[in-house]
Structures are given as structure tokens and as C-alpha cells.
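Going in written order, the chains are labelled A, B, C and D, and every chain counts its residues from 1.
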Amino acid sequence: MSHIGFIAAAYAITAIVLAGLVAWVIVDGRIQQAALGELERRGIRRTGRQRGGEAT
Amino acid sequence: MKLTGRDLACIRGGRLVFEALDFRVDAGMLLQLRGRNGAGKSTLLRLIAGLARIAEGELALEGGAPDVPVKEHIHYVGHLDAIKPALSVVENLAFWARLLEGEEVAALAGRAAIDPPAALDAMGIGPLADFPAAILSAGQRRRLSLARLLVAARPVWLLDEPTTALDTDGQACLFAMVERHLSSGGLALIATHVDLPLPAATLTLGVRQPEPRPEVEPA
Amino acid sequence: MIGAIAMLFRRETTLALRVGGGAMMGAVFFLTIVAIMPFAVGPDLNLLQRIGPAILWVGALLATLIGLDRLFQADHEDGSLDLLTMTELPLAVIVAVKAAAHWVTTGLPLVIAAPLLGLMLNVEPAALGAVALTLAAGTPALTFIGTIGAALTVALRRGGLLVPILILPLTVPVLIFGVSATNAAVTGPMAVSTPLTILAGLTLLSVVLAPIAAAAALRLAFD
Amino acid sequence: MLEFANPTRFMALSRSVLPWLWAAAAGVLAIGLVLAFRAPADYQQGLTVLIMYIHVPSAWLAMMCYAVIATSSVGTLVWRHPLADVSARAAAPIGACFTFLALVTGSLWGKPMWGTWWVWDARLTSVLLLFLMYLGLIALWRAFDDPARAARPVAILALVGFVNIPIIKFSVDWWNTLHQPASVFRFDGPTIDPSMLWPLMVMAVAFTLLFLAIHVAAMRNEILRRRVRAMRVKAASTLVPAE
């Protein structure tokens, strides 16, 4: 591969991995929102909202 | 259909658990196994289910599907619940529905199998279908374990102290299920310490202390 | 029968991929072994090239074995094994399906990771394909032979430690022909095909015989 | 840091900050790329120096991510901060990705210069070990069913790892010079002249902003994931059987 090939490969792989990361974060967010919505639709309330100690 | 055991003996861990044991269960009949702890109730159930080796005697299921082994006619619910915490509740049940399925045997069983979601509703844990099984309580795990009986049609039920961890609703649900199974021509053997509100013959184990055999060679 | 086999295979792979499953553990272990070897032998690339195939194979062997002891023990402890014997599937078929699922989730990642790690061991890019091919031909044998060890130790609490000890001697033929096939591919005086065909033969042999032996061993656990 | 200690307030705050973070990251990244591609080629390495503009920031981010995990681990162990474990757990996969990028781009940069894809150079080897440490953290996190229970063990592993980084660095350097194979080439070359330093800085800022955006988003996801889990446990425990 000529030099250009290496540069192209490096930038391509970086783009793929970073785009993958961004996609993962967005998709995962959607999945959790959907699951949360579905649970709230079923009328399940979380325990005390304001308790600081619980990471929920 | 008739399940009979003649002159059965079983050795586990080098100990002669019981010997010369006979029993008979006809279609639509319930046999409850009574006896103190360690009398061999669980061992007898495991022996019938093919999970323990028969040292002596003979076990026969008349009226079963021809070239299908006895154990494939049997639903066995023991103390262990065979539930994978990483799978969801309905995934666990769907797995066993598919694995325990058998056409010839299903033809013999009185009631047809129902699909997993319906079985979960019948056992009162329908809303938890998509949740990971890891979050189930002991009682809910027992209900999921018992739901197996509904998703695959097998004529013979072996239940080892099924009422443990079940609340009153759960027990009522269980007895109704067994009652429906028997009325449709099924057989059941239940090892229990609780009085079952169902007509049942009783076999008490551990009454006669089996005299130690000098040199019993396991079969 | 086929539906039940497919369902069992799907459950085994799903369980391995879920949280707590052992799917990628083998690949990470493999990467770790290959990464630390040069610290012992030094970063000299020519030396690494000569012992590269050996490092890859020993790494693949150990990576396969570490996940194997739980193959039957997990099901034995939660009662699944009892129920599985009461299905239409013969025990040998159950063992074979579980071993195949274990290979797909643990062995296959090794084969995929091997070319990348080959680069670290200064294996020529041209030979990387052959390295992956030889590993693909040999790792199933490691998994299937390993299931015998897993079945023998299913009832033992500390069974995990025993599996490698019991199984390593049995895997020596696979190791010998595996490394020579990979060497043939990398430095190659000998044609790759000879050791590779023997390796494939060993794999087929183990795919057929190991489940029968493992099933017999599992039945012993029922007393 | 403490005022939005409460996860709920963090969710509200991060919701408004996040779009700006994404926009800033994209903007600076675009500027950085333009600058990088307009910068003069290095007289010695030619165009391949362009790889430096993504390799060096990746390596810096790999280190920074681990520092974020380490400080979060201190938060988990010492102050039992509710967000600390969430932050550490969200940062680990991101850190692993940046480390992987650093390794790949380093290898792609090394090939034209030394003729081999991988050289056991002290710097690259340390980054490889860092990659293994990330995988170890992720593996330990995934081994626990309940995320809350995984918090402290992983925090201890992360801190032990963090303390070991200088030791690893030193021993790898020593190992490298000890063997001194002929083919090793001093990795980062002569000091970078100013014309190339500026694009590098901008790219580093761009990568950092990108990390912050992904990290905040991942933290939000992690909090939502734990809420879903808690609600499911609550649903199961308060289940009233149908009949």
C-alpha cells in the first residue's frame, strides 16, 4: 500500500470506530427510553425519587 | 395408562435407600409420598424419572407410546428450578416448551400444551414475561418452574414438595392444575409434607428400616 | 429433533453472549497470553517470528480450556442437566450441541483474533490467512476433547482446576500438527496441506468420539 | 461536582448540555481536520504524518479515560458518590475504543516507516497493556448481574491498575532498552515544529470534546438502565397475581 493507503486506512478505521461509539450511545439510549416508557405505561412508579443515595 | 414399580431398590452414595418397594398409579390417580426426611421420597421420584439408577426391581409404564422411553412421558419438578437468571422469564419457559415437546407422548396426555405466555398468566406471573429471571423471588421461581408442566403435554407428573416457597394463591393454583391434569386422565406422584386437598392414595416410605446388605453390588 | 437441537444451540450461544456469559473471555485471555509472551522472550522480531505459531497455539489451547469447566457444571447445579436428559435428545447429542455452541462463542473469536495477534508476532501478512485456517481446523478438536474433562469433573466442586490437567495430554497431537501446520504456513519448508489434513482428521475424530465419551462420563454424575 | 450529585438533577442538567457538547465536538473536529490537511507535510515522513493527528490524540484520550475511571473509582470507594460508578462504567468502553484506535493508527503509522506492522516499542507496548487493563475492567463489570454490586470491586481493580501504570511504563522502557533490537526506531521523531503543533492541539481538543459528549450520553444511558432494572425489581416484588 502506498502512503496514501495507510493514511486512508487510519482515518477510515478511526471514523468507523468513533461512528460506532456514537451509534452505540444513541441506540442504547433509545432502548433504555423505550423500556422505561413501557414500564411507566404499566403504572410502575420508582421508589422515592428524591433519595440521593440511590443511583437511579 | 398405568405406572407400576415392582420390588424396587435404590442405592445412592453407597447407602441402601429403600428396597422391595412396590407401587401402582392408574390413569387419573394421585399417589402422595409421605415419610420423614431422608426416607427416600426424592430418590424414588428421581428413580422413576430415570435420574437415579435402579439397583433392583422393575419399573413399567403400560399404555405409554411404543418405542419412547418412560422418562420422556414424565414431567419432573424437583427442588432445583432449572432457570437461567440471564434469560428472560418467557425465554426460559419457551426453551423448555420446545425441549420437552414430543408428538407421540402429547397424543397420550389428556390436555394439550399451552403457549408460554398463557402458561405464565395461568401461574400468575404473566406481567414478568420480559424481565430477566434474575429478579424473580423464590416463590416466583417456583411458579415459573411449575409453568413447565403446562407448556409440554406429558401424562406423568412427578412433583417433589411443590408447595415449598408458594404462597396460598400459588398453592391453590397448583392444586387446581393437578386436579385438571388428573381429571383428564393424567397420573401424578407428589412427595409432600403438606396435606393435599385432593383424593390420593398414600405411600409412606422409611417405615421399615432396610436391613444393611453385606455386599450390595450396584447394578 | 432438529428444532430441539436448534433451540438448545440458540440458548447456549445467547447465554454465553449475555452479561456473565463467557463468550469473549477466551479471546481476551488469548490476547493477554500473546501480549505478555514477548516480555519473557524479548522484543526481537526474528525470534518472535520463529516461535509465533507456538505462542498462538498454546494461547488458543489455554483460552479454550479456561471456559470449559462450567460447560456442564452450571446446568448440573441449577437442575437443567437433569431435565435435558428427559428430552428426546440423546445425551451425546446434547454434549455435541453444547460443545459446538462453546466453540462458536469461544473458539471462533480466537480464530478471528489470530491474524491480528499474528501481526504482533511478526508473522508475514501473507501467512496470516493460513494461520487462521489452521487454528480454525484445530480449535474445534480442543473444545470437543475438553468437554470430556468438563463432563468428568461436573460433580466436583473444584473441577475447574482438574480439566486442564486431565485434558492437556490428550490435546498434544492437535498441538503438534497444529503448530507444524502453522509453521508450514509461516516459514514453510513443508507444504501446509499435509499437517493440515491430519489436523482436520483429528478434529473430525474428536467431534465424533468426544461427545460419546463425555455423555458416558455425565451419566456417572447421576448416581 | 457535588451540586448535581443527585442522578435526577444530573439527568436534567445533562439533557440541556448534551446538544451543545455534540455541536462543539463536531465543530472543533471539522476545524482540526481542515487544519491538519492544510498543514505542510513533514520533510522526513512525508504525508504519513497526517496519521499523527489522530494517533496522538487517541493515545492521549486512552490515558485520559483511564484517569477519569480512576478518579471515579476514588469517588465510589471514598465518598460513595452515586454518580461515580456510573461515570466509570460509562467511560470504560469509550477508553477501550480510543486505546484500540491508538494501537491501530500506531501500527498503520509504523508500517510505512519501519516496514513492519507492529514493533515492540516501549510506548506502543504500554498502550497495549492499557488496552488489556480496559478489557479486564469491562469483563469484571459484565461478570456481575447487579450493577450496584459491581461498583466497589471494579473501583479497586481500576485504582490498582492506575497505580501500576507508572511501574508498567518504567519496566517496559527498561525491557525495551535492555533488549535494544536493531529495528526499533525512536517513536515520536524530532520535536514537532510549530506549524504542525497547532492542528495537533485542535485535534486533541476535538477528541476530548467528543469523549465528553459520548461519556455524558453513556452516563445517561447507564442511569436509565439502572432505573429500568430497579423498576423491574419493584414490579416483580409488588406483583399481585392476576386471578
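Note that in this section contacts are C-beta pairs under 8 Å (C-beta built on N, C-alpha and C of every residue); 3 or more make two chains touch, one makes a residue touch a chain.
Since this is a predicted model, take the numbers as computed values, not measurements.
Chemist: Identify the chain whose mean C-alpha position lies nearest to the mean of all protein C-alpha atoms shown.
Modeler: Taking the mean of C-alpha atoms per chain, the most central one is C.
Chemist: With chain centres set to the mean of the C-alpha atoms, which chain is at the far end from subunit C?
Modeler: B
Chemist: By the contact definition above, name the pair with the higher C-beta contact count: A-D or C-D.
Modeler: Per the contact counts, A-D leads.
Chemist: Between subunit A and subunit D, what is the gap in Å from one C-alpha centre to the other?
Modeler: 15
Chemist: Averaging only over C-alpha atoms, locate the centres of subunit A and subunit B and give their separation in whole Å.
Modeler: Distance between chain centres: 45 Å.
Chemist: Can you give the whole-Å distance between the Cα centres of subunit A and subunit C?
Modeler: 33
Chemist: Specify, in ascending order, the residues of subunit A that touch 2 or more different other chains.
Modeler: 42
Chemist: Among the residues of subunit D, which ones contact at least 2 other chains?
Modeler: Expected reply: 145, 232, 235.
Chemist: Which positions in subunit C are in touch with at least two other chains?
Modeler: In subunit C, residues 19-20 touch at least two other chains, as defined above.
Chemist: Any two chains that touch count here, so list every such pair.
Modeler: The complete list of chain pairs in contact reads A-D, B-C, B-D, C-D.
Chemist: Can you list the subunit C residues touching subunit B in their complex?
Modeler: Where subunit C meets subunit B, its residues are 3-4, 7-8, 11, 14-15, 18-21, 77-80, 82-89, 222-223.
Chemist: Looking at the complex, which residues from subunit C come into contact with subunit D?
Modeler: On the subunit C side, the touching residues are 19-20, 24-25, 28, 31-32, 35, 38-39, 42-45, 119-120, 122, 125.
Chemist: Spell out the residues on subunit D that touch subunit C in their complex, using ranges where they run on.
Modeler: The touching residues are 107, 116-120, 125, 128-129, 132, 135-136, 139, 142-145, 172, 175-176, 178-179, 181, 183-184.
Chemist: For subunit D, which residues are in contact with subunit A within the complex?
Modeler: By the definition above, subunit D touches subunit A via 5-8, 46-48, 50-51, 54-55, 58, 82-83, 85-86, 93-94, 97, 100-101, 104-105, 108-109, 111-112, 148, 210, 214, 217-218, 220-221, 223-228, 230-232, 234-235.
Chemist: Where on subunit B is subunit D touching in the complex?
Modeler: By the definition above, subunit B touches subunit D via 85-86, 121, 124-128, 131-132, 134-137, 140, 169-170, 173.
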